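Pasting a structure below so you can have a look.
First chain written, first letter: the chains are A, B and C, and each begins at residue 1.
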């Protein structure tokens, strides 16, 4: 199956026969998929299946070697201009939060709007405070990352990404590094974001979240997409043996 | 620059090597004493060596050489310039090596001392047979790094008036008016002495880092 | 021993010696600033994608680290005029100190940059910052914090090596003391006092660094 980039007017992301190698190791095999505006995708699969690599290719943290990636109509070539343009439209949340330790929560959120978008300090601060409010952490604005719990840090990281007013949010296992009691606050924030219509691709093993939020669940193994389906169908009636085995492992522990 | 001038430089080089070797060997002995005193339980020794290290690490080597050179003359020792410089370098090296080795003695896990004590080893044996061999290994990259610093430091003997490599270079340069050529060659000679040591030190450091990982 | 210590020339020369201290301090501070500039520029080249730039920096660092500062300062003293730069001894000394300290700074800063996790850099890139911005706003400060102890001891060494600049008669404490010594022949008294001055200067330097560090790096870490 192939997708042409202008087949649907509301297509936000398309990947067309994307391949990626690390040296001789092929990390992504012929990946083709598209994501509509406002669509929520959950990517899952065993570790090493290439799901993180896939979303890291979308904002060019990892260069792909073959195929085409388009975000909001912009072709992600290897030239700096397109990479910048796409990174301004795509927000990313990392497993390890990656907040900047030497900046306060507020400064973490203001940095990129000021430096990458050229916002004034006042405008950046307004925006940052608004979004910290939205992730319910406004009262921590003056603290440093090391003074926050993991869940709080991850919510700040979400606010920081939202400060760039992205059209797409990528989540790379956002709850995997959290203590169990903090997972919910982060998932609730993500659910809120989904309800507001954000286009999202989430790499996660939180199957409850997938059931509740995802429009489509994509299962990957060994660098390839094995199957994709709406959550109801995906969980109740997986077609591939590989998927059934994975679901069995992840749901019955 | 002719052959004679180059030979003159090589004679200077010989003295640089002699100064470095004497300073390093005597400095090792002094440094060992300083390190042991610095890590001992005797408070006076502890404080005295801390002050000694502080003074020598807080003042320029050039001043140390001046003070030793004129100080020895003052108390009536009629000695050659090179011996005065060697004494200055020894005192300097003792302080730096003492501090390096203090650090590595303290880097040996406490359990080693405890185990040695439990085996009823006395202080001398505990140090010689258990702690120092391990400390020496830890300190080797830094020790070699200091040796390079010491070789470069011998160049200051030229300011005191002793003809080693740098002063030989200065004299030649004043004779033949080709300062750039002369100092480039002098620099190269130092480089040939120091660079292998630097590479060796970095190699040891990498190997050590790999083995503790 | 029938020699009588006589500190009169030292006391008479005190105003000049204090000015010399100031000279040493300025020489050291200017040298450090230049060293930091060279160090940061050097690290950018040292870690760049251009192979020639990387090798040039490796060569520069090893050349400087494996030759005496005295030889470097002599070389520069004679080389700068040939390159069309006629400078007084003091600016020449500052350049020499900057180059020497810069070479050490490159290696130290590089270690600091490597101590920053890859995730920090990726987070900056994902936010749409350019590489230079990521370095300036995200990598630099935490890296500085990590290397500050070794940077401090390197810069104390740089402060002490300003005394070598007396060899080209730059204006600093050692050359001032040499002038007093050559007029009074009270060598030991002069150099002994000046050594004590240096001890105070390097102690002050360390205090300054400590103060800067406790202000600038006040953010908490885990």
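Rule of thumb we're sticking to: contacts are C-beta pairs under 8 Å (C-beta built on N, C-alpha and C of every residue); 3 or more make two chains touch, one makes a residue touch a chain.
Model, not experiment: these values are computed from the prediction.
K.L.:
Starting at chain A, find the fewest moves between touching chains needed to arrive at chain B.
P.N.:
Minimum step count, chain A to chain B: 2.
K.L.:
Count the C-beta pairs in contact for A-C and for B-C, then report the pair with the higher count.
P.N.:
B-C
K.L.:
What is the identifier of the chain with the smallest separation between its Cα mean and the overall Cα mean?
P.N.:
Given all protein C-alpha atoms shown, the central chain works out to be C.
K.L.:
Using mean CA coordinates as chain centres, what's the gap between chain A and chain B in Å?
P.N.:
Whole-Å distance between the two chain centres: 56.
K.L.:
Using mean C-alpha positions as chain centres, tell me how far chain A is from chain C in Å, no decimals.
P.N.:
A distance of 46 Å separates the two centres.
K.L.:
Can you give the whole-Å distance between the Cα centres of chain B and chain C?
P.N.:
So the centroids are 21 Å from each other.
K.L.:
Specify, in ascending order, the residues of chain B that touch 2 or more different other chains.
P.N.:
Touching at least two other chains: none.
K.L.:
Could you pull out which chain B residues touch chain C in their complex?
P.N.:
Touching chain C: residues 54-55, 57-64, 66-67, 70-71, 73-76, 148, 152-153, 155-156, 158-159, 166, 169-170, 173, 179-180, 183-184, 186-187, 190-191, 194-195, 198 of chain B.
K.L.:
Residue numbers of chain A touching chain C in their complex, please.
P.N.:
59, 61, 84, 87-88, 90-92, 94, 96, 98-103, 111-112, 115-117, 144, 146-147, 157, 160-161, 164
K.L.:
Residue numbers of chain C touching chain B in their complex, please.
P.N.:
1, 3, 62-63, 65-72, 74-75, 78-79, 82, 156, 160-164, 166-167, 174, 187-188, 191-192, 194-195, 198-199, 202-203
K.L.:
How about chain C: which of its residues touch chain A in the complex?
P.N.:
117, 119-120, 122-130, 133, 137-138, 141-142, 145, 217, 219-222
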